[in-house]
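Here chain A shows up in two complexes: once beside chain B, once beside chain C.
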Partner chain A sequence: MNENQILDVIAETLEMDSIEITMDLDERIWDSLAVVVFIGSVSNAFNKILDPSELYDVKNVQQLVQLVIDS
Partner chain B sequence: MKDSQILSKILVDNYWHLVGHKSELMNDKDYIKLDLLNRNIVVFNDDGELLAFDNICPHRGTKFFSDVSGNQNILCPYHGWSYRKGELKIPKKKEFSNCNLDEADLNKLNLDYCGDFIFVSFNPKQSLDEQLSKLKPILEEISNKMVSRIDLDYYEWSCDWPIAIENALEPYHIAKVHPNTLSLLKLKTEQDLSYNENSIWKARINNKRIEAGMQKIHNDFDVDVDYDGYQSILIFPFSFLSFTYGFTYSLQNFFPGNSSKKTNFHSRLFSSKVNKNDLTEYFLNSTIKTNRKIFSEDENICSQVYEDAWNVEPLKFCQDGELRINHFREKLKYILTKRETQ
Partner chain C sequence: MYKISNVHIHSIAACVPKNTIKNIANDNNSKVIKSIGVKMRHVVNDDQSAMDLCIAAAQDIFDQTSLNAEDIGAVIFVSQTPEYQLPATACIIQSILGISNDTIAYDVNLGCSGYTHGLFLASGLIQSGVENILLLTGDTISKTIDKNDNSTSLLFGDAGCATILTRKKNSSISCVLGVDGSGFEAIIIDNKYAKRTSYKDNYLTMNGGEVFAFTLRCIPKLIKESLSFSDLEKDDISYFVFHQANLFMLKTLASSIGIDFEKFPVSIDQYGNTSSASIPLTICHKKSIIKGKVLMAGFGVGLSWSSVIADLSDTKILNIIEL
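The block that comes next holds the complex of A and B.
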């Protein structure tokens, strides 16, 4: 699992072609639905189970990537 | 008297009102309490039998129940009159020597069902089947998909009841009033259907991310979905059911308050049959929060509508998305006119 693979999963979750590590996540795109979909995708792709309450508070893609790496 | 006040009396008295779902009253002594005009009504599980009655002790008029929902005996806190298994129980019964206690009873209301939905009426002018018309099988099917209540909220809205209902009837306000919630779905009208006085609005979700996400969790949550979009159903006169896909179902009552400046808003959220785990719990909890935010935004804007701006005439400036309002007003005008000619 590397950073680019995680970025691909985030982009897929947000229905975007690609995503930058510097991108901010506001409530208009990073909502509970995105969190639920992302957790399912991470579980399938990396066999990791994430805590939804931690994910909801992330403010940018950088934090999200780090959270997946640390889990 | 204002038209809305005349109508509220007629509608409250003569129509059936959707007051709940059987899943809310599964256990003996479960109850729900609702405010409807100047009536305070209770639906209660009396040893497996559901009954609806005015929340007033027939002895001295004390309220049996204070909370909006719970599990407790029908017991008057004043002198201990109670009701159990179809029978009113009166302490020191032999000491009522100068009156006929056989006449004492709860003031019971008519009760009927559509699937698992519970309806009550005070003095119905038609059967529930007649009132629901072709909406009946649709409601039956929905009611069977609702499994348990996950939220209940009640508060007064500072507006007259038709203003609250008409707000729920039209999507035109969504972009301005709900910019960070409902507006994100980018709803696009697909169908506007009328079933006598009742109506359904069906809309597609035009936000690609949300639509894809809903499709995905639809599979993960194993939910039985019959329409992959958003629906809002007016169950005339005062109730709405709204839902997206069918993970949760929102039931709203906009009952007239005890003045033309008040609407009694009862909101309940039900989950469908989902595989319960941390993730579904999280999703359901976030849906509760979002729903409450949407209704709070609605209440805020409705409280800013000048109460005398409302009447039963069609909207002078009607956006296409507001046509359901004209349908609603047309029905109200007919009821009002019929009353005047009688």
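The block that comes next holds the complex of A and C.
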């Protein structure tokens, strides 16, 4: 699992062609549905189950990538 | 983990309200609808209840099989939308269906895992000597929904189901059950009669992320344990009939467990998440293909989970009726 693979999963979750590590995640795109879809996508891709309470507080893509790496 | 001998699932029937609601996509909800996979739902009118749907399903079994009300030795009503705060709805059902006064009747407050828990409880009564058990599982969750909450208002439908379990030699079911009450707030409706300093409202609230993470943690393990306990492989199971939580969750679970999604019958597209009724409703919806050994798994509110492996080859599965 590397950063690019995680970025691909985030882009797929947000239904975007690609995504930058510097991108902010505001509540318009990072909502409760995105959290649910991301938990499922990470489980499928990396066999990891993320803590949803941490995901709800994420503010940008960098934090999201780090959460996946640290989990 | 329990193997219960001399238990047979004799018949399964399902009833849904005639009234339907189609989920129409717009800018605000199209992602939600695509994810949960609900195209339409059947919802009750104000004058209909889970009890009504379950009674209609039970009557359908009495009309179409050799068993009648007089054969029933126990009634279990599994629901989170009972007729009254008290008495138990099962008592009212005993009277309406004309079942003997010598019958055991009680309610069980469970939702998503209610059907599989109910099969376990009914099987225990058969081991205690009762010949025929009427297991009723039904909910009208649509009445508890905040219409402004996209996470629940597009998801839930209403249904009531009836299952009769009978004593039969050389037939058995195996059950695995569990609970993690530390997650009780993940799916909840407040109760104004309980000890509260502030009563919020009467709506169902659901933390989708917590429920999903719980499901991914517990259900693949549950399926592995269920198969191992019964000395079965995945290929020995004809179909995996899971609680219809939402379509994305079902697909993710199938992938996580390593089972082709073709072996996961789906009814959520037509009926939504129908809580305790979703497993028997799905069996009736897919009656033309359901056969052989089936692994049923319920999971959710509690948080609780359970699975049952049973052979439905000789089970009378009825068409879904509308009320």
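Annotations
We take it that the second predicted complex is superposed on the first by the 71 of 71 C-alpha atoms of A that agree within 3 Å, B and C clash if a C-alpha of one lies under 4 Å from a C-alpha of the other, contacts with A are read in each partner's own complex, and residues count from 1 in each chain.
Going forward, a contact is a pair of C-beta atoms (placed from the backbone, for glycine too) under 8 Å apart; a residue touches a chain by one contact, two chains touch by 3 or more.
Here the structure is a predicted model, which means the values were calculated and not measured.
Contacts of A:Ile29 after superposition on the shared chain: chain B is touched, whereas chain C is not. By the document's definition of touching, neither partner reaches A:Leu64: not chain B, not chain C. After overlaying the two complexes on the shared chain, residue contacts for A:Val9 are found with neither chain B nor chain C.
When the shared chain is aligned, chain C comes close enough to touch A:Asn44, but chain B does not.
Of the two partner chains placed around the shared chain by superposition, chain B and chain C are both touched by A:Pro52. Applying the stated touch rule to the two superposed structures, the overlap between the chain B and chain C interfaces on chain A comprises residues 15, 32-33, 35-37, 39-40, 52-53, 56. Across the interface of their complex, chain C is touched by residues 15, 32-33, 35-37, 39-40, 43-44, 49-53, 55-56 of chain A. Of all residues in chain C, only 31-32, 35, 151, 207-210, 212-213, 216-217, 248-249, 252, 255-256 touch chain A in the complex they form.
Here chain A touches chain B in the complex through residues 13-15, 27-29, 31-37, 39-40, 52-53, 56, going by the rule given at the top. Residues of chain B touching chain A in their complex: 180, 184, 208-210, 212-214, 216-217, 220, 278-279, 282-283, 286-287, 290.
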